[in-house]
Amino acid sequence: MTHTAYVIAAYLVAALGIAGLAAWILLDQRTQKRALEELEARGIRRRSESRRAGESPR
Amino acid sequence: MRLAAEGLSGERGGERIFSGISFELESGRALAVTGPNGAGKTTLLRIIAGLLPAAEGRVTLSGDEERWPGVAGACHYLGHLNAMKAALTVEENLAFWRAFLGATGLFPQEALEAVGLGGIGHLPFAYLSAGQRRRTAIARLLVSHRPVWLLDEPTAGLDQASASRFSALMREHLAAGGIIVAATHLPLGFETVEELRMGKRQ
Amino acid sequence: MRLAAEGLSGERGGERIFSGISFELESGRALAVTGPNGAGKTTLLRIIAGLLPAAEGRVTLSGDEERWPGVAGACHYLGHLNAMKAALTVEENLAFWRAFLGATGLFPQEALEAVGLGGIGHLPFAYLSAGQRRRTAIARLLVSHRPVWLLDEPTAGLDQASASRFSALMREHLAAGGIIVAATHLPLGFETVEELRMGKRQ
Amino acid sequence: MTEIAKLTERLTALANPTRFLALAGSMLPWLTGAAVLLLSAGLILAFAAPEDYQQGITVRIMYIHVPLAWLSMFCYTMMAASALGTLVWRHPLADVSLKAAAPIGAAFTALALATGSIWGKPMWGTWWVWDARLTSVFVLFLMYLGIIALTRALDDPGRSARSAAILTLVGFVNIPIIKFSVDWWNTLHQPASVFRLDGPTIHPSLLWPLLVCALGFTLLFLSLHIMAMRAEIWRRRVAAMRRMSARVAEVRPAKGHVS
Amino acid sequence: MLALYLREVKLGLRAGTGALTGVLFFLAVVAVMPFGVGPDLNLLSRIGPAVLWISALLASLLGLERLFQADREDGTLDLLVMADARHMLAFTVFVKCLAHWTAGVLPLVAVAPLLGLFMNVEPAGLAAATLTLLAGTPAITFIGAVGAALVVALPRGGLLVSVLVLPLTIPVLIFGVAASRGAVAEPDPFLQPFLILCALTLFFSVIGPAAAALALRHVD
Amino acid sequence: MLALYLREVKLGLRAGTGALTGVLFFLAVVAVMPFGVGPDLNLLSRIGPAVLWISALLASLLGLERLFQADREDGTLDLLVMADARHMLAFTVFVKCLAHWTAGVLPLVAVAPLLGLFMNVEPAGLAAATLTLLAGTPAITFIGAVGAALVVALPRGGLLVSVLVLPLTIPVLIFGVAASRGAVAEPDPFLQPFLILCALTLFFSVIGPAAAALALRHVD
């Protein structure tokens, strides 16, 4: 049943690919969030925050 | 004719460089924009010329709307770069700009004489010295008429004689009802000038 | 150490631009080359730097032959162009020149502080204003030691503060036994200067 | 207020990154959960479904291949919509959406290609043929990579937004043309060797699991996309704050005044 | 506008290495093909038009990245953008593309028959290939302009331009080759793909400059 | 010198995120090929090595003419020439060539095996093609450097001279393709053209930088 091997390979490739993509995105998220928290902890604020309390799109 | 800026703010790379700049210039008036390096003089000129979007505020030109409907179209912009092709001769360069911008000014040869370069029209632009290049770029202002001149350090690299010759050209332009906005570190050499000092930056 | 030129003549495009120029500069002396646009100031500097062949005459550097066997190798040349890559950051640019020219001077960050640009080492060179670019090029003179500085309109586009900061740097270099040859239309801002006026051309 | 103006306003409100972040934060767990649930249900159904009489067990590849292929096209459509948002309404969020979607789209397209290839080996006897559909998917993949390369090459967010949007739109206009031309090309030279996948008219027993899977993959795509958008927003804030902190000591925004 | 066209052509011929390098590359590709497929003249003549088209496509990419970059570096681009009111920017881009094509691609089309001869393509095929090149290559330049405009802010966009542009040019290539083949291989039609090719060129002559102008507007 | 090498590579890569662009470029060229010659896998696998070589040639030519021009336009070239006493100019040129090759051509050579997937080239042919590319493409860069230097040194005449120089790349191309073909097509030899290819590269790696340095010395 070599055909089963192809099915398994396809599922494996898809699973690995999606897992890799998800891991990359999650990791990226974590890195950015950490950096942001660290900067905020150092007391740096974005301009829009320092200008008014609310948020502006840019 | 009147060039007006209201509450202009400029951004570069997502960062606010200046804000709240307003001025009004009638025909025949000049504005000298001064300030330290990096203050945003070039940014301001480019915003007026429409080459950069203003973060806030706007620039308007009023007085002769059917002839000059937009600001950009009514401006000559002389930036840090000369906008000439090194491979073409001086005269070819000027002739091109004259044809492209509208043949409403001097002929290339006359314009060259006005900046004191009468004899070198046939040289490739690449062969000119730094000051001669700048003067060629100045000659470009003369080959086609525009009421507003935006000049970014026009006299950098010019010798004394050329600088005063250029002052005379600017005075003439003002006398004919033109408007000038010039960013500069050096005195412009005439009197009818308002000054806009831009902020202290490193 | 002594930089001497004997009977130099310069040609451009087969045409004699100047001839019979001689001078001698001891350690600690500066020469200001002045003259109208197209007089041949840049040409003279490039001949000294070995970038152009002299039509006649020669340039010699004597005093410390084993360390500085040739003239070109002993010179810093600051031309009209800044010799920086727009795509690299200011600090990368300076670090490269430091490594390439020999790491015998300040670190990039120190050099940047010396020209008053301490905070912008991380910006791409393309983002700098005209004056900031020039000051970065000046910082290049500091990252590697050369006894002779050849400066071509070094202060064009600098604001007042930067120009006087640069005068101070030049004075320091002279005080340390250096030699300066500077082509300029503006006063250099210090006293130990000899002047070489180049001929009248249009 | 006209309908359009109202719509625009609502969109603008949603374009506020902070509001988006809040919304994303509360929605993400549900979305991800639903995606996982649907996907597992779909796959169980898929393996419970009968084998195809012609293709045998390999038909199971369909349950991942087809949703991935659909999503690769769906993703590009969404990017084109975002591009319009950037160019017409100048939403900051539209650009974030485009930039975040590109790598996901590229990955899905690559997986569609890979699973298709793996399916092709037993079915057609070769990993790859220059068949019309396969070729246009391959070209789509190249365009994804081109967009990624462009967004990565420009570091200034504002500038890269416009560039990427223009490229995406030009590509979007071009995709039907490519599809059409590739069809033409392929039928022209080699009518015999073309693999027409009219296949078995899909039996409901195969169709239902497929639809469930497709929905699951779509939800998965959406949650990945929202996460990537969130990361991108944070990245931009970090970059802006770094720039500010580098200069904050020496820079005060200049106030102009005419003397 | 005529002034712009003439100047660009002059520059292309005078300074840019583009044109001749293009022809040279073209030559190299055609010269190396026989070594690739072996000395089978029959096969060569069969793939002849295709080889001509592919090398023309690739050769048009040479120098394309400088289309706007050179103007940006010397400040010309600013003035072209500012003149939008007088000369619509999209039209300016159109004229620049045309000039680039005249100076860079047209010489290549001109030598195509010669190279076809080397590859043993029969006269009808040669004429068809040349004709399709003439009708189709402008489309490549127009598409390329979009890529060039997108990377104008990048210091070295060379490879990137071709990466962005190549996938988009596939339809042009397909119909170009189809038409030139149609002229020789009997059952295949010539006119239909040729007309589609012309339509493509017209289509991209509108889309390309418009998109490029959009990208150039706020380059800075 | 290492600093120069690293900087040049960085410059080459920074523009288009480097390696990705190289790979992508290659994929794009390969993708375009079948549209020209048709989807016949047999034929494709035969011209595979030639296609590889052609795309490598194109990639090396793209941006090559800017090798010194960019340095001249921003004033870097002056300083490189003046540093002749510290770093011999010919060696500087050599390093620049190497960097150009690393950033522009090497990524392409590295992904050459991917070709197998799409063009059905057999493994031996693929290995041979990759090997010949690795050995031969530097020669193209070295030859190109002479042309690039001449264009900078003689803005008017340079064009003509560089067109005289660039045809030298054709032998490299021919031997490269011949060697990669020799590995698969039985009667043809592999070793002989391959050795000639290596000799060409060595020869030009000396001649090229020396000639280019000579041309650059009095650029102004």
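Here are a few things to note about the model shown:
Chains: A, B, C, D, E and F, in written order; residue numbering restarts at 1 for each.
The rule we apply is simple: a contact is a pair of C-beta atoms (placed from the backbone, for glycine too) under 8 Å apart; a residue touches a chain by one contact, two chains touch by 3 or more.
Keep in mind the model is a prediction, meaning the values are calculated, not measured.
Here the largest set of C-beta contact pairs joins the chains E-F. Set against the Cα centre of chain D, the chain with the most distant centre is C. The greatest centre-to-centre gap from chain E, using C-alpha centroids, is found for C. Rounded to a multiple of 5, the C-alpha superposition of chain E onto chain F involves a rotation of 175 degrees. Inter-chain spacing, taken between the CA centroids of chain A and chain D, is 16 Å. Distance between chain B and chain F, defined via averaged C-alpha coordinates, is recorded as 44 Å. Work out the mean CA point of chain C and of chain D, and you get 55 Å between them. For this pair, chain E with chain F, the centres built from the Cα atoms lie 22 Å apart.
Listed for chain E are residues 14-15, 73, 151, 154-157, 160, 163, 166-167, 170, 174, 218, each touching two or more other chains. For chain C, the set of residues touching two or more other chains reads 80, 85-87, 119-120.
Under the contact definition stated at the top, the residues of chain D that touch 2 or more other chains are 139, 142, 145-146, 149, 153, 185, 240, 244, 247, 250.
If you check the complex, the residues on chain C that touch chain B are 12-13, 35-38, 41-42, 80, 116-120, 127-132, 135, 152-153, 156-162, 185, 202. By the touch criterion given at the top, residues 126-131, 135, 138-139, 142, 145-146, 148-149, 152-153, 185-186, 189-190, 193 of chain D touch chain F in their complex. Within the complex formed with chain D, the chain F residues making contact are 14-17, 20-21, 24, 27-28, 31, 34-35, 38-41, 44, 117-118, 120. The residues of chain E lying in touch with chain F in their complex are 14-15, 17, 20-21, 24-25, 27-29, 31-33, 35-38, 43, 47, 50-51, 53-55, 57-58, 61-62, 65, 73, 151, 154-160, 162-163, 166-167, 169-170, 173-174, 177. Of all residues in chain F, only 1-4, 7, 10-11, 14-15, 73-76, 78-79, 81-87, 218, 220 touch chain C in the complex they form.
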